[in-house]
Amino acid sequence: MTRKLLDGVPRRGVVALATVLAVLLAAPLFANDYLLTVLILILYFAYAGQAWNVMFGFAGQLSLGHALFVGLGAYVSAALYVHFGVAPWIGLGAAIAIAAACGASIGFLAFRFGVAGVYFAILTIACAEFARIGFDHWSWLGGSAGFFLPVANYARNDLWNLRGSPAMFYYVMLGLTVVALIACRVLSQSRVGYYWRAIREDEQAARTLGIDTFRYKMYAATISAGMTSVAGVFLAFYYNNLFPEQVFHILRSIELIVAPIIGGAGTLIGPIVGAVLLTGLAESLREALDLLGLDVPGAKQVFYGVCLLVVVTLVPGGVWPPLARALRLTTRHGS
Amino acid sequence: MPAEIYLNVAVGGLLTGLVYGLMALGLSVIFGVMRVVNFAHGEMMTIAMYLAIALFSALKLDPLVMIAPIAAVLFVLGYALQAGLINPFVNRPEHMQFILLLAVAIIIVNGLLIIFGPDARNVQTSYSFDSFAVGPLIIDATKLYAGGAAVAVAAALFMFFRHTRYGIAIRACADNYTGALVVGLDVKRLYALTFALGAACVGAAGSMLVLFIDVTPTLGPAYTLLAFVIVITGGLGSMAGALAGGVLIGMTEALAGLLFTPSAKSMFAFAILVLVLLFRPQGLLGKRLT
Amino acid sequence: MDPLLEVTDLSKRFGGLRAIQNVGFPVPAGAIFAVIGPNGAGKTTLFNLIAGSLRPDAGSIHFAGERIDGLAPDAVCRRGIGRTFQIVRPFPALTVEENVVIGALLHAHNVETARSAAGEVLRRLDLYEKRHQPASSLTLPDRKRLEVARALATRPKLLLLDETMAGLRPTETDRMVATLRELNRSGLTILLIEHVMRAVMALASHILVLHHGATIAQGSPREVVRDPAVLSSYLGAEAL
């Protein structure tokens, strides 16, 4: 099976991947806590970016409301844990199910009624906003005052309940990212992946080849939503507090998409490269500002905006494709 | 609750809605002519709002008086933005435009955050608490002036498109891009002009809204969304539709705020949006898109 | 024997414009059936009606005995009708091979099988050497061949070709004609829209002439080309 997964990947690519993986696995041994939190952030955005990418990079549907699925995952798993004592790994199932159902509903409404392009993006924004306001008024989940998970002792690692040291969270996030990468690779090489690319390129032409575009767009919406909600579960248990104002905010949705777009939507490694670049550079920016004694909230986001601007005007396909070509790491089939 | 309260709130909503309509008008013009999705629309308005606030707190200049200058500033800003950045994107895929303007929006929102900080600001003029009594109605002076100004600006814009050479040329571009090129119209300049006009609308609207809304930098995205909801509801490409949509949303918001909790009022705007997108995507007054 | 495709009394209007008026014709299995006529005659509309992109206002379309008018385009393809477009639309960012694999996936169980089926089709259409090139980098004649290959990969019984010869030089036209003839010989029924009379006369066993959405002549090439109505409205006396 590994051979099939790596089919078409040049040898240097395999070596590069293996090296990166090895380094990442060993990271907690020599990284301090701060570096670990940065790495966790990178992995989080890499994972969430992959999940979002399924809908946009693969199937061509631009969603600007993905924070909705993160939020759903976060709140469902958190509520089950706090109110019913359900462990997050089990709550995960419920979170995925609910988020996937939500994604499917939005997809159904949009695709059935021909809502596409701009209109689709606006629809997704509206849905996320709807959730934000709705959850603000939902007292069982804390409402606008917030929902809190009991912060446990960081010295003991409780993997089952996701309570523990940063290193534990790091490995969880690393595991998730690797699984996501493998899953996306499998999808990309399957019939579903091919059909998604056809739909992304030219939906009308795809239909004349016998593709039931509605069904495949629904798959993309559902899978993307489900995958994204897992990031939400992680979020809830890592930060231990949830505020609708933050979790569902449109700026969160935008944050999610910056990395994959900068890295290269539609490719597998793009979102990861994007997350590394973005978070790495942003943190360096913060460090630099700290050194100068400046506290500038919003500077990081301005930086994101500028990056997006630069990428979209100069390298619209993302930073990874030309980089991969330069390093001669492209696969035979082009991803 | 006595009927007067509903009426007052509705009228207030109507007047606010006219200002919303003006804001959305700018978006409708930009999208109707250039087919560019201006995702930075609300953010441009926040620039105008902060400008108004700054002018008021520094020089005590009344925002209503400053409508024209502020609109002019936004006009120049819009022109520069379009000519400098957006123009190459007019023929690129939609999502690229979206992302470009999203980037601009992010920069604006956070730029304002850095400059002005996150605290809410507002403008309190001498007539901020005045109101007029018309029969059973009590109408806020600020809203009345703002609503009136919005109608005036919209009318001016309408005249422009109907009766001036540039206005007609722009409409030609909107109707038929290639045809316009063939006839020798400088489409690039006309596009820049259009975007500038859209920005000016939004600038004027912002100057008016400052009178009765507390301003924070993060207001931008909320208003961008609102502008889209209005334009989609009223009908893309229809100027009257933008105003009608604005009034509809303004009144819905106001009444929803009264009947339910104020913070839930935008939920109704979204509900309307979803219904329109599903069942009448061309909006109330728009033309059917093929 | 029953015709493979039977169009009966088909009509379609767009607002006040009657794009297709009471058009009917049988396409026998194994034929190469050409639809010709001046621009605006309704030829592409006819194709869109058959392929499912448009719904007729009146009349019916039967394919292999089944009624197919009103079906969605993907359903029509699954029944066995493939089509190409007047302005070619291969998937630009995908390679030649990927384009055809997507077509082949209709009948293949997995990507591997699809890839070998695609390879065969590519060889038939002389594109195998270029299979790893992105579709957007191909020349126009190759892009047209790619579109044909892609449609062919769905294993259609009937192939609708919309002005495949447009923009091709005479040598390229001849090459395409040879390819189509070979495909037809192996059992594919072809319905084509064409302006290039050289290709029509070389290929067609039946011709339908449309003008203003209505049939003005149909029959064998010899009959049609001599029909006075056809000569005056479309061909002109010196056309041949």
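Letters A, B and C name the chains as they come in the text, with residue numbers starting at 1 for each one.
Just so we're on the same page, contacts are C-beta pairs under 8 Å (C-beta built on N, C-alpha and C of every residue); 3 or more make two chains touch, one makes a residue touch a chain.
Because the structure is predicted, anything quoted here is derived from the model rather than measured.
Student: Hey, which chain is the most central one here, using CA centres?
Tutor: A
Student: Just grab the chain with the largest centre-to-centre distance to chain C, centres being mean Cα coordinates.
Tutor: Comparing chain centres, B lies farthest from chain C.
Student: Quick one: report the Å distance separating chain A from chain B, using the average Cα coordinate of each chain.
Tutor: Here chain A and chain B have centroids separated by 33 Å.
Student: Just give me the whole-number Å value for how far the CA centre of chain B lies from that of chain C.
Tutor: Centre-to-centre distance between chain B and chain C: 49 Å.
Student: With centres defined as the mean C-alpha position, give me the chain A-chain C separation in Å.
Tutor: Chain A and chain C have C-alpha centres separated by 43 Å.
Student: Which positions in chain C touch two or more other chains at once?
Tutor: If we look for residues of chain C contacting two or more partner chains, we find none.
Student: Going by the contact rule at the top, pick out the chain A residues touching chain B in the complex.
Tutor: By the definition above, chain A touches chain B via 56, 62, 64, 109-110, 113-115, 117-119, 121-123, 125-127, 129-130, 133-134, 136-137, 250-251, 254, 257, 261, 296-299, 301-302, 304-306, 308-309, 312-313, 316.
Student: Taking the complex as given, what residues does chain B use to touch chain A?
Tutor: 37, 85, 88, 92, 94-96, 98-100, 102-107, 109-111, 113-114, 118, 217-218, 221, 225, 228-229, 232, 261, 263-264, 266-267, 270-271, 273-274, 277-279, 281
Student: Along chain A, where are the residues that touch chain C in the complex?
Tutor: For chain A paired with chain C, touching residues are 189-191, 194-195, 197-198, 201-202, 204-213, 332-334.
Student: Residue numbers of chain C touching chain A in their complex, please.
Tutor: Residues 51, 53, 72-74, 77-78, 82-83, 85, 89-95, 98, 101-103, 105-106, 110-111, 114, 132, 134, 150-151, 154.
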